[in-house]
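Take a look at this one; I'll ask things after.
Chain nomenclature is as follows: A, B, C and D, assigned in order of appearance, with residue numbering initiated at 1 for each chain independently.
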Amino acid sequence: MPFPAPLTGVLPPVCTPLTPDREVDVPSLLRLVDHLVEGGVHALFVLGSSSEVAYLRDGQRRLVVESVVSHVGGQLPVLAGAIDVTTPRVLDHVDSVTAAGADAVVVTAPFYARTHPAEIARHFRLVAAASPVPVVAYDIPVAVHTKLPADLVLELAAGGVLAGLKDSSGDLAAFREVVTGARAHPGITGFSVLTGSELIVDAALALGADGAVPGLANVDPHGYVRLDRLGRAGDAVGARAEQERLCALFALVGVGDPARMGSSSSALGAFKAALHLRGVIDCPVTAEPQVRLSAEEVEGVRKHLAAAGLL
Amino acid sequence: MPFPAPLTGVLPPVCTPLTPDREVDVPSLLRLVDHLVEGGVHALFVLGSSSEVAYLRDGQRRLVVESVVSHVGGQLPVLAGAIDVTTPRVLDHVDSVTAAGADAVVVTAPFYARTHPAEIARHFRLVAAASPVPVVAYDIPVAVHTKLPADLVLELAAGGVLAGLKDSSGDLAAFREVVTGARAHPGITGFSVLTGSELIVDAALALGADGAVPGLANVDPHGYVRLDRLGRAGDAVGARAEQERLCALFALVGVGDPARMGSSSSALGAFKAALHLRGVIDCPVTAEPQVRLSAEEVEGVRKHLAAAGLL
Amino acid sequence: MPFPAPLTGVLPPVCTPLTPDREVDVPSLLRLVDHLVEGGVHALFVLGSSSEVAYLRDGQRRLVVESVVSHVGGQLPVLAGAIDVTTPRVLDHVDSVTAAGADAVVVTAPFYARTHPAEIARHFRLVAAASPVPVVAYDIPVAVHTKLPADLVLELAAGGVLAGLKDSSGDLAAFREVVTGARAHPGITGFSVLTGSELIVDAALALGADGAVPGLANVDPHGYVRLDRLGRAGDAVGARAEQERLCALFALVGVGDPARMGSSSSALGAFKAALHLRGVIDCPVTAEPQVRLSAEEVEGVRKHLAAAGLL
Amino acid sequence: MPFPAPLTGVLPPVCTPLTPDREVDVPSLLRLVDHLVEGGVHALFVLGSSSEVAYLRDGQRRLVVESVVSHVGGQLPVLAGAIDVTTPRVLDHVDSVTAAGADAVVVTAPFYARTHPAEIARHFRLVAAASPVPVVAYDIPVAVHTKLPADLVLELAAGGVLAGLKDSSGDLAAFREVVTGARAHPGITGFSVLTGSELIVDAALALGADGAVPGLANVDPHGYVRLDRLGRAGDAVGARAEQERLCALFALVGVGDPARMGSSSSALGAFKAALHLRGVIDCPVTAEPQVRLSAEEVEGVRKHLAAAGLL
């Protein structure tokens, strides 16, 4: 489908359900997509961080995109991450996910290799030149260890290189600089500024964001869709109440014992445990080398769901 | 060939010459291998950071290993990097490079994904369990943003998970902890402790390192082989003099203007410019999105080579 | 005066005007205080980062507190930073600024020394036990290189150790955790949650902040007081418009050439140049070793003031 | 006494014994000085990181310098840290410690405030211009969060601003750049390059360091003096053996439980426990807010001392 300009609303980064032997569980994935679509989300983002993209092999990535694109059949846009260390490798993923039908690609700055702003700009220009679909920049300093400067994003937006930004930096002041800069710039139209910070979506919408990419929307899409509607309607009080409810639910990401596992094992494990407890996916396993939640920790997830009225 | 236990000596991380359109230039690569072998190096490490592994597509990586393994024909061991973000993707590279004939694989901690020591340990155990050849851990915090703890390395060495360590952390005290810890541990035999810090190889050898993986050995293999021989023979004064000569030469990595490019563009560009000026490779181009050295900057490289008597 | 519980509204971190030979310019300081009070601010915070506290000698710090406290004569609360590396040295500053009349002290986590959450908690407990006035925690990771965890802040608030938090971390999600956590906790009353992020004050107020500590309020106190009034009245649209005007003005902190000076020289130099151009202070000099703005850079500040209608 | 140019040998950063109520225990301090002098050290460095300088109030700092200077009576040079956040505050410490008789001052780059290389250079120039005694730069990135660039150190050495460098960065390659750069520069004479990395003193001496500032020398001065003598005599094998013995002893810094305290509490607590167990100081207490070692952890220190033959 033609990519909306700008893309707005709730775009969950779709979790990737796995089988016990850690292959993509396509039936569960499609049930999850149905759960999200039924929840009213506006687009789907596959192969993002919450999708465990970093843990998926090339064939698994392709299978995810093909399955989801074919299942939604153009009802709503499907964005796909093309996440790898440098330009040539990203380009191979762009080829793969667009061949599989993605409506846009989501791309980070280079990582592992040491980078420079000039090299980051060159990277996005080369990717955009080669991509048959729009390119959304993915600003995720916790993963790639550089922050995309607001002026670079605006320069690339004005040059037609970028169609949007997904900002997972947590830095709302810098996010605002892109939102207001894009609005003020005569050469920028249809550029989507999306927040990846699921705990401050109300604030992002209030300052002019086009939408949100909340990992927690896998668990509670209805909540984020309500939040989006309230925020867009200018109901700040209602949006804040819904956001606070979601913030309380978000505490489930902390169930994992930090002496035993990292924050990714805990958060992605909790999302999947919640989807399993809600009956959406068959198996809550996460990819290697993540550590599995204990039965007690899963029980913690269940309590959070119950408190949020999601069981 | 059987992998030596321990592997000792000079193991250059072999640069990957590219054609002007950035495909692997196999004839130049093989001339570079001949240049290194003729220089007396003890093993070859392909697909490391100095090889621009982060910039090579899967097919290019495979071509590099196949070409080099087939060219050296078992004369000396070929280690290959299996560098990717997490265990499942690393395992695919392990399959690929071992199918292409690598004698050992070199593997970092997970990156991009947030990791935990327990997950790093699990990662190396899973990789070793699946690899048909020995696994060398690659400690490179500047790229992966975690430092491998010495006690974890020793635990994995004692458990037979790791066959060696390539330490590019620059932290000689931590390196020493592994060297002396491995020597003292009754359960560790044949474990190779290799430094990736090309400016302090004399110091690393003096405290008991088994060898070195110096990027600059692409440019001057004879120098590092002399340094290794002197260091091993206990000639501290001679080793220091040779090391200081190589340190002076190393200044060539700084020719690139930091306002215009990152340190990787400058250093890898300088290595390739030097190999081009010395007549070893046909084209000094580096992979995208690295920025190319200017003619003036290449002239800087030429001066450094001349000062070192390498032209 | 008794310290309000909670303290609310706009609390500018008062700049410290200096004479050309870098002594405290008391007449200019008092004119600046009058300018702020006339602008409607609700309290004054002296000896914060924008006050160049890190550059002031002990006698200068004392002189600032004495001068301001005596000048305002209890019209509004005066908070004073007690900023030093560890507990014993902070306690000496607490003695000094409270002897000089400060109504509350503002204290960071230890720095220089490597710290641990248990040591940070112990630090705040010891300071509070010894302080005759309430203690406000100052979370400024860019300076002290640790982030105060939200749960630690809430634990110390519940225990009566802390009377408030000034959050200059830029992390609005963590800030919200303190705001909602303090509201929900039965044992916490009168705790002030203040944002130090001058570019997202509207967002902070919308999610429940008690007030703001904006460095830019030195230059435009009326603007921040309007913003505070609009935000508190629930006029999200009006607050956002005022905030965006202030964000545009804030660009003046970037006038300094980054090749020639650090961001502190540029930002504090720009605040002082603006106060000088507006006729509030006599001399725009900053403390050593900060680099002075050039005439051209000061002209940049003038243009920003003119664009904001402040000349 | 006139400051040696260059200063060479072992310069322990002298621990500051405290009484149970955390005042400077002068008799214990002087016994510690005697213990070090008897051990053969070549100079004393008071008010360094191992001295808990960050935890000492101004009067305590002055008392330490006065007591030690008066006690050693010019037998060997006494260097004193003048550690504070920025130039004006450092200058006050320079006044204080030189009035108390220090033969040289040791000064870090500014911290807390964000700095720029131009501001760091300006800082050292201003300090040197005002100091009646030589200035030694203290490179300790773990505390101040910037690394002094080798070329800046050499420029300041050539300009007569700095008399030496104490490098606690752990980066031996950068250290070497200063050592060889200082030797090669026609404008630099008598400049002391000292390592603060107590685990690689043999390596530092082998590449040309003038001396070492090892915290562990408080516990075992004889060991470091032997190491220095062997290193200087070119006995690489003997120096390495002595260094390895000291590395094994150094493990005592890790006795503290990391769940309960930071690395500074553990290391400084262990040094003081060792001095107490060896009968040198009366009380092993460290300054607030550091956490005290448990009886069990002190027993761990005792075992390390016993294993090293120091009881």
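Just so we're on the same page, a contact is a pair of C-beta atoms (placed from the backbone, for glycine too) under 8 Å apart; a residue touches a chain by one contact, two chains touch by 3 or more.
Nothing here was measured: the structure is a model prediction, and the numbers come from that model.
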{"item": "Contact-graph distance - origin subunit B, target subunit C", "value": "2"}
{"item": "Chain copies touching (subunit C, subunit D) - same or different residues, decided at half shared", "value": "same"}
{"item": "Label of the chain whose CA centroid is most distant from the centroid of subunit A", "value": "D"}
{"item": "Fitted rotation between subunit A and its twin subunit B in degrees, CA, nearest 5", "value": "180"}
{"item": "Subunit B-subunit D separation of Cα centroids, rounded to whole Å", "value": "35"}
{"item": "Subunit A-subunit D separation of Cα centroids, rounded to whole Å", "value": "49"}
{"item": "Residues within subunit C bordering two or more other chains", "value": "none"}
{"item": "Touch relationships between chains, expressed as pairs", "value": "A-B, A-C, B-D, C-D"}
{"item": "Contact footprint of subunit D on subunit C as seen in their complex", "value": "22, 49, 54-58, 60, 83, 85-89, 92, 110-116, 118-120, 122-123, 126, 142-145, 258, 260-265, 287-291"}
{"item": "Contact footprint of subunit C on subunit A as seen in their complex", "value": "170-173, 176-177, 180, 197, 199-200, 202-203, 206-208, 234, 236-237, 240, 243-244, 247"}
